[in-house]
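Chain naming follows the written order as A, B, C and D, and within any one chain the residues start at number 1.
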Amino acid sequence: MASSISYDQVMAWIHRFADVTIEQREELTRLDTAIGDADHGTNMARGMRAAVERVDALDGDDIGAALKAVGMALVSKVGGAAGPLYGTLFLQMGNATGGRSELDLAGWSEALDAGLKGVVARGKAEPEDKTMVDALTPAVQALEHAQNDGADLSAALAQSAEAAHEGMEKTVPLVARKGRASYLGERSAGHQDPGATSSYLLLQAAVDSFG
Amino acid sequence: MASSISYDQVMAWIHRFADVTIEQREELTRLDTAIGDADHGTNMARGMRAAVERVDALDGDDIGAALKAVGMALVSKVGGAAGPLYGTLFLQMGNATGGRSELDLAGWSEALDAGLKGVVARGKAEPEDKTMVDALTPAVQALEHAQNDGADLSAALAQSAEAAHEGMEKTVPLVARKGRASYLGERSAGHQDPGATSSYLLLQAAVDSFG
Amino acid sequence: MSRVDGDNPNGGDVKKLINSPDDVVKEELEGIAAAHGDRVRVSFDPAYIVRVDAPVSGQVGIISGGGSGHEPMHGGYVGRGMLDAACPGEVFTSPTPDQMEAATKAVDGGAGVLHIVKNYTGDVMNFEMAAEIASGGGTETAAVVIDDDVAVKDSLYTAGRRGVGGTVLAEKICGAAAEQGKSLAEVTELCQRVNGQVRSMGMALTPCITPGAGTPSFELGDDEMEIGIGIHGEPGRERLPLEPAAKIVERLTMPIVEDLPFSEGDKVLAFVNGMGGTPLIELYIVYNELNKLLQGRGITIDRNLIGNYITSLEMAGCSITLLKLDDELTALWDAPVDTIALRWS
Amino acid sequence: MSRVDGDNPNGGDVKKLINSPDDVVKEELEGIAAAHGDRVRVSFDPAYIVRVDAPVSGQVGIISGGGSGHEPMHGGYVGRGMLDAACPGEVFTSPTPDQMEAATKAVDGGAGVLHIVKNYTGDVMNFEMAAEIASGGGTETAAVVIDDDVAVKDSLYTAGRRGVGGTVLAEKICGAAAEQGKSLAEVTELCQRVNGQVRSMGMALTPCITPGAGTPSFELGDDEMEIGIGIHGEPGRERLPLEPAAKIVERLTMPIVEDLPFSEGDKVLAFVNGMGGTPLIELYIVYNELNKLLQGRGITIDRNLIGNYITSLEMAGCSITLLKLDDELTALWDAPVDTIALRWS
């Protein structure tokens, strides 16, 4: 089991996430139909398609540059809430990993934490507002715990995806306080948040690509 | 069995036709939905409601005046094709019966013939164009035959309603050449003409009122 | 109730913003009177909408009318540079002669009155009766019957082609000519000329529901469309599987182009009309396809009109109208117009 | 295919006049470019629509933007006296910062640029990012976030109220002020003032279908309506049995009147907006009820706007917007405007 993440693996992760958003496009849009405006799947698929094109055109092995390219693609191709939020996530992950061609568990954990902080700074969501933050926050926390427990990379990744999955599922009963779903008031309860779902897919893609 | 039609019976006929168009409003509109614009029932019901109001306000026993009042009400309240056509039918029946307080079979037959001639002059439809003319023409012919055969009023009326009914049914296979249904071309075949249907109802109302 | 419910003889479930199917036109007119008193006066019985400064002395008056449900036509076109009055009938039912006769009187400025009539049996007969009455009253009237719908096979023995999109263009162009002081004979001849150079065809993605009927005017499958519809919710000539916009535009445009015919070098006014329920975004996609198709045939779109101008209640679909332009028609199209629905200077 | 069919990842049956769900906005923009080259220029990448004479030197530029599917908003409002540019996103998806940034540059006549932003998380964040970039490029920008939808309970901890009908009025009024040479600070303050005096609420009789999703945004029974919807096909706050127009108008208007509050003696601009699939005839019935209701409370409708101006694709329904008028706002509303969709002089 590898103890670090290579540039190629990061590229694989980006590709994997693109594939998954395209595969799950319908499902993400279905979730967004219930409590939003029926475009989250389309948005993410459009953005990740553009992101893959941009990173594939890159030379070198700078993980930070690749992540920033993804962020820029998302910012300029997605729009909506997901564009700036996922864009910021990747841009901040890129800032945290600039010049690196390999990440160990600590590096990955710091990067994701930086990304989450960017999302929160941009969107001002708090936990339990029923947003992607509800999947990302436990994922970051799980990585930190795993590190403290001395877990290896693969176990840590699995735990963070697991935590994201749980966070995603916990959005179901919540009444949304941020984003479009908040307009529904109490009617938003009983539905899973689409952004939390795509964030779980992002973490699961990491398990599939870095394992 | 009476051998003539009184003013009161003419009034009863007008009321009866009004009741029937209101009762059959939905059915007439349904027929007009298939090959027209879904308003024949509404049109006839609106018109006959106004007609009844006007004739009820009349004094005296001039059958011609009553029929003209119906015609004017239809002309000014119905619009569409049915307004001028049924309006003209009643106006011409009124012209043919001006000053009369009683009609015998010949009088009724002449009146209906004058009405039909008015309809044809206004609408220029020929038999088998799939219009109300296809119900009215055989009805007038049946009245003439009945007269020649020496039938009594009641039998003559029944035969004319019967003929109108047959004429109405014969519109089903026809391809419309006049009115809105003509826009459908071949697709108009297979549907009964709404105007022929209301014309049959008019003749049947006479049976019910003069019998 | 906006649902036609148990106690309504028509039954059915209608989803409309109305109070009662019987009051739709009356209450619409009340709304127009309340909203646009600066532009139009509304007479309720008989019902007509007349420009606030009618009659314009010495100017030919132009009136049109027809069933309601085609809004903004015709009431939205009353005003300087277009119609002097409009007579709304019940939904999809042509108005009655007394409406047209009263409107004719109201706009008679001494130079005669032109009736622009869409070719439907009902409209034609009611306008005929109105003209018979009005000429008895001393007003000179003329009538032009618009019949621009190429979806209908014309013949001596039938009701002929319907009047559709071309009507809006004829009203605008004739209104401009009247405003310029043209005589009744001139405006009438101009209207005939417009009718001679304009062709239209329409299609529907969904039917519509009249408030009175309460049920759809026809049934269409999820993957079907009607080609060759009119503007009264009547079915079209053909039912076909749904196609991409480019193909639909071709189906509507080619019969138009071939009918007149429009040929290479022609300049046209292209009118892409929404049937009421189709969003503007789609009409621009249709216009884009139309523009490409005509360009490919060397026909130039010199003027355009895109939007919901002659509708069929909430029907989804569109119609395409092409008018062959010349300098006179172009100038009259460009002339100022100041109505509720069409306005430029 | 205009049906989203098997090889489209979204599946479902969409009845739209389109070629492909992915090309809707691009082809609409092509149509606009082909039709309105005399008024606007269209940039395709990044996508924005800009008035043909931009930048107007020495004049405050005003841009707005948002997801597509609300046509004629915003592209239809680009022109003299209203917007200098509009940035269309994908259907119901706010545009991206590079669009706003490019549009900002294109309309920068040296007097600064105002961003009129509807209050949606996505719109606000993307405009924020654009402003961050643009100010780096030396253009002075200001932003006003419109949040006039009383259907949404406001709170410090939520996304706040949506921007809906009030946006159209703010764009018109601020555009007039910019045209009169007002400074960026003045136009910004004016826009905030309009936002402070305008309130809206909407309802739907039917959902809408985005080309990308291919399925209705919500399901409604034959006898149900949604009260408190926004403009993105999202469900409303309440689902209720269908009611007569008079009752529906009361449901929309009373929360508006009570929120500001509007009181006896107030003069208002009343804006009855169609959601896209509702015929004009119904909107006039709604206006008629609104007029009666306000009259009963001593509130005078001094100006009105009735029609499809901020839509949700083909959704049937309407929204009501009231703006409290004063002499300044009335004069700015009356000032000439010359755009594709709104035009007077």
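What we mean here is this: contacts are C-beta pairs under 8 Å (C-beta built on N, C-alpha and C of every residue); 3 or more make two chains touch, one makes a residue touch a chain.
Bear in mind the structure is a predicted one, so any value in this text is a computation, not a measurement.
Greatest Cα centroid separation from chain D: this falls to B. Between the Cα centres of chain B and chain D there is a gap of 54 Å. Averaged C-alpha coordinates put the centre of chain A at 31 Å from the centre of chain D.
Shared interface positions of chain A, i.e. residues touching 2 or more other chains, are not present.
Annotation for chain C: residues 91 touch two or more other chains. Chain contact topology: the protein chains form an open path, each linked only to its neighbours in the line. Every pair of chains meeting the contact definition is listed here: A-D, B-C, C-D. Against chain D, in their complex, chain C makes its touches with residues 1-3, 13, 15-20, 24-25, 27-32, 34-35, 68-69, 71-72, 76, 91, 205-206, 222-223, 225, 242-246, 248, 276-289, 291, 301, 304, 306, 308, 311, 313-314, 316-318, 343-345.
Taken together, the chain A residues at the contact with chain D in this complex read 22, 25-26, 29-30, 33, 35-39, 41-43, 45-46, 75-85, 122-123, 177-180, 182-185, 187.
Put simply, chain D touches chain A in their complex at residues 9-11, 46, 67, 89-98, 120-122, 125-126, 128-129, 151-153, 155, 157-159, 162, 210, 212-213, 215, 217-218, 230, 232-235, 237.
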